[in-house]
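Chain lettering (A, B, C, D and E) follows the sequence in which the chains are written, and residue indices restart at 1 in each chain.
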Amino acid sequence: MHRFLRISILLTGLLAAVNIFAAESSQLVPMTEDSLGPLVEQPIEFPHDRHAGDADKGGMEINCMYCHTYARRSAVAGIPPLQKCIGCHQSIESVRETPRIKKLFEYWDAKKAIPWKKVHDLPDFVRFTHQRHIKRFNEQLNRPIQEVCGYCHGNVKEMTVARRSKALSMGWCASCHEKDHPVTAEGGTPIDGQAYWYGFQKPESSGEVLKAKGPNDCWHCHK
Amino acid sequence: MSKRHLLALFSNFDEAELVVQELRTTKIDGFNVNDDMVVKSAIEHPEVEEFLGEKPVYVQWFTLFGATMGGLLGFFLISGAQANFYAQLKGGKPIVPLPPNFVLTYEMFILGGVFITVLGFLICAGLPARRSPLYSANVSEDQIGILVKSDEIATDKLKEIFSKHQALEIQEEAGK
Amino acid sequence: MKDIREDIAWAKINQDVLKSLENPRKLYWWILFGAIAMLGIAVGCEVYQYNVGMGVANMDNPHMWGLYIATFIFWIGMSHSGTLLSAILHLMHADWRKPIYRFAEAMTTFSLLTAGLFVAVHIGRVWQIYYALPYPNDRGLWPNFQSPLLWDAMAIFTYLSSSILFLYVGMIPDLAICRDRIHAGWRKKLYTLLALGWEGTDRQWRNFRVTYLTIACFLIPLAVSVHSIVASDFGMSQAPGWHVTSFPPYFVAGALYSGCAAIITLFIILRYVFRFEEYMTLPILKKIVRLTFAIAMVWTYLNAVEFASVWYSHDEASKDVLIQKASGTYAPFWWAMIFCGSVVPLVLAFKRFQTNIPVLFAVSLLLNLGMWLERWMIVAPTFSHGIYPWAWDHDQWPSFVQWGMVFGSFGWFTLLFMVFCKVFPSVSMYEVKEMVYHRSLHLKKGKADEQGAH
Amino acid sequence: MMDSGFDRRDFLKVMGWSGAAVALSGCGNTSIEDGKETVAPYVEAADYVIPGIGVYYNSSCAQCDAGCSINGRVREGRVLKLEGNPASAINNGRMCGLGQAGVQHHYNPDRVREPLLRNGDKGETITWDKAYELIAEKLSSVDGEEIAFVSGGVSGHLKVLLGNYLSSFGCKNHFVYEALAPGVVRAANKKSYGVEMPRYNIDKAKVVLSFGADFLGSWISPVHFSQQYAQFRKGTNGQRGTLIQVESKMTLTGANADRWVHLRPGTEGILALGIINALGTAKGDIAAAVAGYDRAFVSKETGVPPGQIDKIAALLKLRSPSLVLAGSAAEGYAHGSQNAEAINLLNYVLGNIGKTIEAAAAIPFPQMAPAKGNTAALKTLNDGLAAGKYKVLFNYAANPVFTAPGAMKFKGNMAKADFKVVFAHYFDETALQADLVLPLDSALEDWGTHVPEYMVEGAQINIQQPLMEKIHANTRGMGDILLALLKQRQADEYKNYEDYYAYLRAAMLQNKAALGGVDADDDTFWNETLMNGIVKLEGEATALSGKPNVAGLKLPTLMENDEEYPLHLIPSVNISLRDGRHSNQPWLQESPDPLTTIVWDSWVEIHPKKAAELHISEGDIVEITSKTGSIKTQAYLFPGIHPEAISIPIGQGHEALGRYAKGYGANPFEIMDAIFDEETGELAMHETRVKISKTGQKVIVVKDESAAGAKQIREKIAGRVSTDEVDLSKEV
Amino acid sequence: MSVSNLLENWSQFRHAHPVDDKPHDPYKWAMSIDLDTCSGCNACSVACYAENNLPVVGKEKYAHGQVMHWMRIEHYWDENLGEEGGSEFPDQGAQFLPMMCQQCEAAPCETVCPVGATNHTADGLNSQIYNRCIGSRYCSANCPYKVRYFNWYDYPSTDDVWPAEMTQQLNPDVTVRGKGVMEKCTFCIQRLHAAKVTAKNEGRIVREGEVQVACQQACPTNAISFGNLLDPEARVHKQWKAQQVELDKDKQLKDEKEGGTELRGYRILESMRPYPSVMYLERVRESAI
């Protein structure tokens, strides 16, 4: 008799657990969060850390969007035209003779484009706009640009050649879209008359700040 | 004090029944008829139960429990899943439409019921089981086996009773 | 004439049945070979279709569904009468079912497995089919629980797993017998494993009885729900000819119908192949035949009801579809269905045919054909003559790929079924013993009363 | 927008922006990838070129001669889609399917890529310089009269260059050949109105009576007329315009008419006079001229019931102004000019001239005005070739071997010229006969200026500019070729034009003032011109002459029935394939013919009644035989055709051209008799008589139309109301 | 958590569409097509091919009914043409009807998709997510208009569908569909998306005229108008209003009026209650001739 009791209790626990787990699983985020993607062989081993890194670490603290200038204007962030690299480097004699820069000038003299390898390559059916994310977090929420880029690209300023450091999987994206982000923050560009209305999840204003989730409609990110 | 097992085989139920009656009536010390006797047969035989007397069966409780849990699990899993972040309207129907969910709940109800019933069966029937110390393949053919467990002192008495009723065969073994 | 001889010795029962595991007649191997060959064709077709695309099946817009779905329903339906015999008749204490329910139950299981295949075959991107499973994933996505297709999946899964359990639980005592009788080899290991150390103790029997009964109780509503859900795949849609209220009962009846027909076929085959003449006796066959006849009439009635209600209603579209069926491209098949489904079974009403094996064999095949046609006639005409006239298309014809796949599915089913019968006792020994025992008891009692009277 | 210091061609370079470029099969790369695809950024980027964002350039459409101005969407240096240029009065940002398919002409896999010189029956690749030398050499050995230059309609600076080139060796044999040009109507208009191409104001008319003018489909400037038509339907203050179409084979326009009147082929003129008669408003010589054309007679001749004639007359009287159009169906006969003039006369009688028919402005630079394509040219050319007059033959933007009536035996005659140069986009039938094939740039790679024949408001010059860099390194623009050829002869005159672009720019800047850039500096003017894509000009006003003379207006009464060839052959113009030069553009092949929804094939339209007589049913392969020859194609029972006529669409039946055209359908030109309009010498395309017979084969006609046979069944799908049931004035 | 989410927003999760109170906000994309000006010239259809990377299937597959035109031009003759009592000739011309996905508010296709690859978006569109589709084809089976097209073959890898040169023309904003997925008219979602992004950046909503769909832009007779039904400035809004066609009705009030109405707006198969987002304006024919 006791056996039945024990077993039954055990079963209850088990099923209950399964139930909760299953019902909650939409919250699951991928395990690969913050695990570095493979190291990609680039034609020129571009040192992000020298350019964008902090001064105390010997970096130049160049704004991400100085080179990836399209990010705030277009869906794609863009790789800077060779022109841009040369623009600075022809006047920087100190490193003129280093192998990487030599290579750079070879391309320039040949007027040949550098065949960079894509590091963050989303599937073809995904529609991701850098522009909106920059606007939303850098301009509206007034977050520093390196942080904003970092949301998806990780801490690039400490890498040489960039490596993928976020999962970039659907669940991963959703895990952020699901959060309630404040719509405008102190010092950010205020937005007015813009309806944030995704599905029926109206922006909920907790106290002062108006908060809204990211888009949840399939067609928003899938083309 | 060590126990001994005896298995007696009989050709038909009437014999077996008499034996059981006798074991019931005669007082043998070192042998408890309710705990120490098992009847083995090739078919499911109502009379066996009659002469062994009613014993409780708990399987249906498992069934009840399984079915309810299954149903609940079904409904909440489905409704919960429908109410996820991507919740989208479909065909003008509510996002958590009850009729379809009930259909699925119904299926889950049965699924849970069946699974847990079988589980219950295994538990209640003590399956899977190790082979008992004494077993004869004839039991699965056409003979009735009566397996008793007793102190040594009781064995002779038991044997006597068995043989009195033309037991076809009596196996004996020293159980540890 | 008796369903079975009361004086068969239990030992003989064991022997006879166990013999079927050892040496069936030659025909068995021919059947097996044929089945594999047929399956081969289907595999070829599937590989082709997988690589090139669904187009090779020659479906189009509007013919989005073809023989795959039709055959899918056919196999689902087939499964139902297994449950009828094993569960319903069990509750009815109709003990003549005992020698034959085992293979019927097996038929249920395997036809469900066959039906399952067609889902995969039909899907355009079978490599993504797991999207349809409700499992926790990092996308946080779930299938659409509103879709009748998903209800289908759920119902069929439940039905399949329950049937397997039912089949297995009911087989445990027999497995024990096999374990005890067979002395070496992989079979020994297998049976020992599956018998779970069954020894037929009173406690085991007691729980066994209750369990078996309970599952039987669950299976009956389940079986009904399964095919009414399949019916709702169509009933829930807006398409003319599908959106019919009488579909669920119609489907269930059809299911039992085709199932019983199939049972007759298999009964006859097994009886011969495994030399079960003593157990699968003609009187039992007779009972099934009568059952089949009854169901055939029910089906005919529901058929008539469906047509009548469509005809009487103001739903012009459905009416057109009906007219199309009877007069359009599909007319020959439609009339063939009526003939096989409603006329042929009348043969079964005649006593002299009820035990005439060759006739029954032929008839049962015809009935099955009829039921397959029925499913096809439900699916196809609605597509070719739907609501929107611009999309009408009366002469799209399934390609050899579709036909090959349908053909092969029978091979697949036969293969599974035949292997099962060779590995497991396809006649339930312990239950035949019970049957024999009870009947002999009954007989004795009868005799005793007579003497008492003198 | 652009600074001239920056070489324009540079940013047209295709940028290997794999990220934004489409990856084939969206379900291919289904997971996040690292370091698989490459990104090749610009070496130098103009700051308005942003990856992922389209840049739009104006240019002009070269798919037909209507002269629509287009606006091309360019992404990462690839032109993706063409839209209409809203600034253009001709198409107001609209576009037809044919124009849309321009990109498929540009990206077509079957384009000629290298200059080829005939060697036996093979062509061997040669360099351009070699090709030029060859031409120079050949020309040196013959004199001007022995050279013939065939071209389609040309205008703008290209025409100027061409003219200069031909005159440079004193050649006067420039044959401007367009298979489907409204030659007869031009002549008739000249006679009746004093101008060849007046401006038709369909939108101002309350009633349009069109004699086989398919102005919604393929007539003169369909996109423009379609817009006028829309306006005409909306009407002014709820008074909706009424369209009556009179023809023997229903055209797209006919299908949109309020009343489609079918008449016996060729009797359009008679009906027109009949209507004048019925109007009874005509006076003097006109009245006299139409006196004989009473109801009974006309109705007997045309097969139009008298009641119908009265109704039409009544409506024309009731609602004014109206507009009467003479279209290709009316002009396609030996007495085509007569038909057209009769119809124009009706316009005069109704007093439409000056209201719905106005004088169009002419382009102030006559040398740039379009050289109007016609079919009369073909006759002279063919005779010349047959007589062996021409030693050297140039061919550009025309495909006479495909479009010349079979009776002319053009292919054979062409062979008589001993050196044939063809400037080609595709290996079409004519190019295959050539000794030298020179590959051309597509319209989206080339520079140019165009002057439309049909001027809508004022006059305009369309600018054509490259939307992307060449796909094939070794093709050249016609302008560049002519320039190069001219340099052979008059090196110093053209030495300071590095290429056609330079020439064009210089030429435009030269009359900057006249082109409306009086005090703009060169660069701004040039850049703005390019940005606009059009140069709008006042244009020189032309005047309509007053009263047409009716003397000499004689219409043959019913042509006697030909016993052997009882049926009229009506070669119909398919809205998207036109004269067949575009048949290799798959979108056009797959876009169904509006009336039959047949794709990828030819068909012969037969009236069900006639078909029943001949026991022909849909899908029968029938043989159509004329005096000239016979072709086979599938039958389609079509209610919109006169039982005495059958109709086969033009444009299919290519033996060459490319993978999407070769071997599809049959070419009605093959069986066309060489009968010409008595007055203008234009080819009378509708004159051919044929007989039709079953071959016994049968096919399933490939069409979009379903088993329901284009009928609405049960449900209301395409609704229709008559004018008295609606109140359009309420509408937006 | 979703179970709590379920309980919190129960009322919202139970809310149905479109007959319920809650309107789309701020967008409801809709269309209206004037059949009186539509000349059936096919320009819209070709424009659609160009914009949405539609494969050209070729003669053989067309014959098998496997054509992929998202927008097809249907033409209809008079009911009694060529029949007893009817005319032998189409005296009143033909009737043309551009038919594409009607973006139903209560779309029959949505509920039946087993994987939820087609949904109703917040903008009132009927989305089709190619990479979620497993190709059960139930949606098409249940579509009353039969405007969903299935990739029977893998067109990207089929000969002569997109030869190397032609791949350069493909629109990068639109996925090229592989074999086994369902597709249909999207109301040029890529254009809508671009327009919305621009608008959002400026903190406003898309204005009338800012976005055109490919068919509308091409249409030579301007028969197609498209826009935001909720925007009072929008032509489409005005037309729907003027025609008294309401989105969430399965039978328009005006049609119940005595002696009919003088308006010509209607929606196809309205009575089946899919609540289509496309309004057609009946073709008009002169009664005086």
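We adopt the following convention: contacts are C-beta pairs under 8 Å (C-beta built on N, C-alpha and C of every residue); 3 or more make two chains touch, one makes a residue touch a chain.
Predicted model only: the values in this text are computed from it and were never measured.
Identification of common neighbours of subunit C and subunit D yields A, E.
Between subunit B and subunit D, the least number of touch steps comes to 2.
By number of C-beta pairs in contact, B-C leads over the other of A-B and B-C.
Centroid distances from subunit E, each centroid being the mean of CA atoms, peak for B.
If each chain is reduced to the average of its C-alpha atoms, the one that sits nearest the average of all protein C-alpha atoms is E. Relative to subunit C, the most remote chain by averaged C-alpha coordinates is D. As a whole-number value, the distance joining the C-alpha centres of subunit D and subunit E reads 32 Å. Each chain gets a centre from the mean of its Cα atoms; for subunit A and subunit E, those two points are 35 Å apart. A straight line joining the Cα centres of subunit C and subunit E is 43 Å long.
Centre-to-centre separation between subunit B and subunit E, using Cα means, comes to 63 Å. Multi-chain contact residues, meaning those touching two or more other chains, occur in subunit B at positions 76-77, 80-82, 84-91, 93, 124. Shown for subunit A are the residues that touch two or more other chains, namely 22-24, 26-27, 123-125, 167, 169, 174, 199, 217-218, 223.
Residue positions 2-3, 9, 12, 15, 67, 72, 74, 108, 111-113, 116, 119, 121, 127, 130-132, 154, 174-176, 179-181, 269 of subunit E each touch two or more of the other chains.
Taken together, the chains touch in the following pairs: A-B, A-C, A-D, A-E, B-C, B-E, C-D, C-E, D-E. By the touch rule above, subunit D contacts subunit C in their complex via residues 27, 700, 705-708, 711-715, 717.
Against subunit D, the residues of subunit C that register as touching in their complex are 125, 316-317, 320, 384-385, 387-395.
Remark: subunit B residues 58, 61-62, 65, 69, 72-73, 76-77, 80-81, 84-89, 116, 119, 123-124 touch subunit A in the complex.
Partner subunit D is touched in their complex by these residues of subunit E: 35-37, 39-43, 45-47, 49-51, 53, 56-59, 62-63, 67, 69, 72-77, 79, 81-82, 88-97, 130-131, 154, 156-157, 160, 162-172, 174-181, 214, 217-223, 235, 238-239, 242-243, 260, 262-264, 266, 268-269, 280, 282-289. Only residues 15-20, 22-23, 25-45, 50-53 of subunit D touch subunit A when the two sit together in their complex.
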